[in-house]
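See the structures that follow.
Each of the next two complexes has chain A plus one more chain, namely chain B in the first and chain C in the second.
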Partner chain A sequence: MSIDIQGLHKRFGNFVALENINLEIPAGQLVALLGPSGCGKTTLLRIIAGLETADEGNILFDGEQASQHARDRRVGFVFQHYALFQHMTVFENIAFGLRVRPRSRRPSETQIRAKVHELLGLIQLEWLAPRYPSQLSGGQRQRIALARALAVEPHVLLLDEPFGALDTKVRKELRRWLRRLHDELHVTSVFVTHDQEEALEVSDQIVVMNHGRIEQIGTPEEVYDAPATPFVYQFLGNINLFHGRAHSGWVRLGGLRLQAPEYQDAQHVPAMAYVRPHDIDLLREPEDGDTTIPARITRISILGSLVRLELLQTEDGEITEVEMTRERFAADQLKTGDLVFVKPRHLRVFLQEEENQTTPLPHWQGHGDGI
Partner chain B sequence: MMSRLRQPSVLPGFGLTLGFTLGYLCLIVLIPLAMAFSKAFEVSWSEFWGIVTAPRVLASYRLTFGASFLAAAVNTGFGLVVAWVLVRYRFPGKRLVDALVDLPFALPTAVAGITLTTLYSSNGLIGQFLKPLGLKVAFTPLGIIVALIFISLPFVVRTVQPVLEDLEHEVEEAATSLGAGRWQIFYRIIFPAIRPALLTGFTLAFARAIGEYGSVIFIAGNLPMVSEITPLLIVSKLEQYDYQGAAAVSVVMLIISFILLLLINLLQRWSRLRHG
Partner chain C sequence: MSAPIPKTLSTTTEPPLIRSALLGVALIFLSLFLFLPLVAVFYEALRKGIGVYLAAISDPYALSAIQLTLLSVAFAVPLNMVFGIAAAWAIAKFEFWGKSVLITLIDLPFAVSPVIAGLIYVLLFGAQGWLGPWLAEQNIKIIFAVPGIVLATVFVTVPFIARELIPLMQAQGTEEEEAALVLGASGWITFWRITLPNIKWGLMYGVVLCTARAMGEFGAVSVVSGHIRGLTNTLPLHIEILYNEYQFAAAFACASLLTLLALVILAIKTLIEHYTSTQRQPSSAGETA
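Then we have the complex of A and B:
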């Protein structure tokens, strides 16, 4: 079932939680709402579920106005902290949605039993049926919560930071499992996360949110490779930031001079450029034409298959971070203290006025320019 | 034996604390109770039996336990509503209401008894309106129940309140999104969660009501066979220097109370086992 969100506004007192949200979620997709805490993503999810009401705007399911009350919306909601019924067994938890149906639509005991066992089979936890939630691990609890939500055959599945309370290893397992499950069931799903890796790995579409607004909607490739705003650039993946000026189709960033035809009309406008750490080459010799910046390697960390290098630009003392494969690192024979020349391969320039609209995240401040 | 009981723990002192607990319980609970038993059996078994099965004594047992049970039951329902309102809603004067709940704990029971009697007597502030309806509260068993409700109100409220506060709101939202109605959420989700606390509150209120003396004697009228509670009967036996008789009645009351409390505890255990 498709979800159509039109002109949604929501305030809590003076705090604007959502501002003019317009979003179309096609049927059968798995969509991630991604953003820092407090960006409104959970509020949006709760409004879709009917657990919260919007001040303005509409939610349409398959083109029709969604029912007023959460009870009638037929959405499956999965909470970060599971919200299982502690006094019921796993079996009864999953059966709950069927048992509370009005008598006329309530399945028989045999049908309920069959449905619950089918779902337990789907989440591969059949042997847990007689246990109580307090006897299960976090990962098991979240799978039970998902089965409970699926029992009512929801039109839409909504997951609020579903893996947020789990440890890294379980989280990775579960999100792959969720993706496989979604490919099997094809129920339209929306999940909220602040973990960019999770969003990139699992979803068909990513909706990046900040300060109650949507910054960008796109496939994982689109939002990662072509971020629409500086915020998206910063939020998805690591970045290096260079400050400079744009003038008549050229951008000067410290020692770098680049062509920027899109800013043909700019006249000495402050600009900033974003470069991913893996989009940088390190050269032993400078290139002609101001395309490289000299820097000294100050630290080398080996992160599994990747090597991360921290460099200090010799001209202005700014820090740059570079990532490369181990093979490349070994071939180049780089050592701490080496003088190298930084050459960005892909670089995205934003003019300063744009930047003013979005403020960088607090924990990236004071980090220098290198991330 | 001792080494088998000893459990390794970061805090030592099992022997010391167990010894202290037993000694303390002996001094405060067991020795006084044993005294009552020994006094009661200074008379022969048949005399004892005669004392404790006298019609007037039996009537007082029925009244004491019956009225206490009813008062505790009323408070279980009423206390739940009070706790619910205090936890779920915000309203002006909430802290005042919260403090008011504890007042029956602090008020001297005689004051409570006299006040209630004045209010509910046939020309009292409330009693005058009940009289045309044919309801007589003061100086009847009904008055006893009213007094017992008053003094045992805080127990249910105070045991249920923290449990209600700890209930996750998300659990109710989960139930809503699964299609449960309000009433279904209450009796399938909330009620099972607070049931042990309700039962504890009921037990405490019941126990407190059984032992109540001060407030009841003012409002009861104390008519033998009709509105005379067991504690009063014991006191009046003492006033007639019938120490053995007083002790015999107390012992029976003790035994019944103990059995009832034990049963309620077992019920609670059973309900906890059954519902995790």
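Then we have the complex of A and C:
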């Protein structure tokens, strides 16, 4: 079932939680709502579920206005902290949605039993049926919560930071499992996360949100490779930030000078440029034409298959972060204290006026230490 | 050679002398102020023989006092149960204007002396009170009658259940209710199948405390009762009358009844506490497949 969100506004007192949200989610897709905490992503999810009401705007399911009340919307909702019914067994938790149906639509006891066991089979936890939630691990609880949500055969599955309370290893397992499950069931699913890696790995589409607005909608490749705004650039992946000025189709960033035909009309406008740590080459010799910046290697950390180098630009003391493969690192024979020349391969330039609309979080400024 | 490891960690345990001293002080205090009076009640009650004891508690006035006490409990506890659950539900699960005022109001009976509470009822409903003349016209008697006693008892026991439930429901949050709602449950079903089971032990604990207080209430009831024997005397008031009439054995006999009820309630309370603490750490032994 497709979801169509039109002109949604929501305020909590003076705080604007959502501002003019327009979003179409095609049927059968797995969509991630990604953003920092307080960006409105959970509020949006709760409005889709009917647990919260919007001040303005419409939610359409398959082109039709969604029911007023949450219980009539036929959505499955998975909570960050599971929200399993503590006093019921796993079996009764999953059966709950079927048992509370009005008598006319309520399945028989045998049908309920069969359905619950089918779902327990799907999540591969059949042996847990007689247990209570307090006897389960976090990962098991979240899978039970998912089975409970699926029991009512929802048109839409909504997951609020489903793996947020789990440790890294279980989280990785579960998100792969969720992806496989989605490929099997094809229920239109929306999940909220602040973890960019999770969003990139699992989803078909990513909706990046900030300050109650949508910054960009796109496939994982699109939002990672072609971020629409400085915020998206910073939020997805690590970045290095260079400050400079744009003038008549050229941008000057410290010692760098590069062409920016899109800013042909700009006259001495402050600009900022973003470059990913893995989009930087380190050269031993400077190149002609102001395409490199001299810097000294101050720290080298080996991170599994990658090597991360921290460099101090010799001219203005800014820190630059570079990532390369271990093979490349070994071939270049780089050592702490070496003088090298930084050459960005892909630079994305934003003018300062744009930047004012989406103020980057302070700890991302000045050096490339994103999340 | 390494030094032997001390049996107790001195950083977390006090020396034996201090421990036994503290324990001793607590025990002496308890036996002087709690256990001794308890023994005294039963000793005094039975001093003149079991015959006098039985006569005292089967006296028609005593029986009617017991009846009235149980009647006010029968009103106060269910009323406060409904009110307590409703108030705790509203306070714990919703944000609304005047919430802190409601919380303060619930605490009012704790803060106000019961005698004052009784007096307020007299001022409101008494013959000289605000509503007195109107009530007299309608031929409704509240002060110096059973309704006044029930009202006073309800008033002084208001906080017990609500106060027990508010922190419990606040800690539980609203997620389970929201989950039930999304799964298609109506508000009523959600209350009976999700909310109530989650608060049942807290509710029982509140009911037990409320019952104990309702049976023992003296001050407020004393003011509104009028002490009419066989009509408006509750058990505590009956005991006072007997005592003032120098019928010590009878007074203590009735007091022993209240004491017994209190002990029963204490036992139930302990059971509930024991059950809730074991329920929180259920053993998974024997269930592993």
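The rule is short, and it goes like this: the second predicted complex is superposed on the first by the 362 of 371 C-alpha atoms of A that agree within 3 Å, B and C clash if a C-alpha of one lies under 4 Å from a C-alpha of the other, contacts with A are read in each partner's own complex, and residues count from 1 in each chain.
We take it that a contact is a pair of C-beta atoms (placed from the backbone, for glycine too) under 8 Å apart; a residue touches a chain by one contact, two chains touch by 3 or more.
Everything numeric in this text was worked out from a predicted model, so none of it was measured.
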Overlay on chain A: chain C relative to chain B, clash or fit: clash
Touching partner for A:Gly7 - first (chain B), second (chain C), both, neither: neither
Touched partner set for A:Pro26, first chain B, second chain C, both or neither: neither
Chain B versus chain C as contact partner of A:Val75, first or second or both or neither: both
Touching partner for A:Gly249 - first (chain B), second (chain C), both, neither: neither
Contacts of A:Pro270 with chain B and chain C, given as first, second, both or neither: neither
Touched partner set for A:Trp127, first chain B, second chain C, both or neither: second
Contact residues of chain A, present in both the chain B and the chain C interface: 49-51, 70-77, 79, 81, 83-87, 96-97, 100-101, 132, 134, 145, 148-149, 151-152
Touching residues on chain A, where the partner in the complex is chain C: 49-51, 70-77, 79, 81, 83-87, 96-97, 100-101, 127, 130-132, 134-135, 145, 148-149, 151-152
Contacting residues of chain A [partner chain B, same complex]: 49-51, 69-77, 79, 81, 83-89, 96-97, 100-101, 132, 134, 145, 148-149, 151-152
Touching residues (chain side chain C, partner chain A) in the complex: 175-176, 178-186, 189, 193-194, 197-198, 280, 282, 284, 287, 289
Residues of chain B touching chain A in the complex: 168, 170-171, 173-181, 184, 188-189, 192-193, 275-276
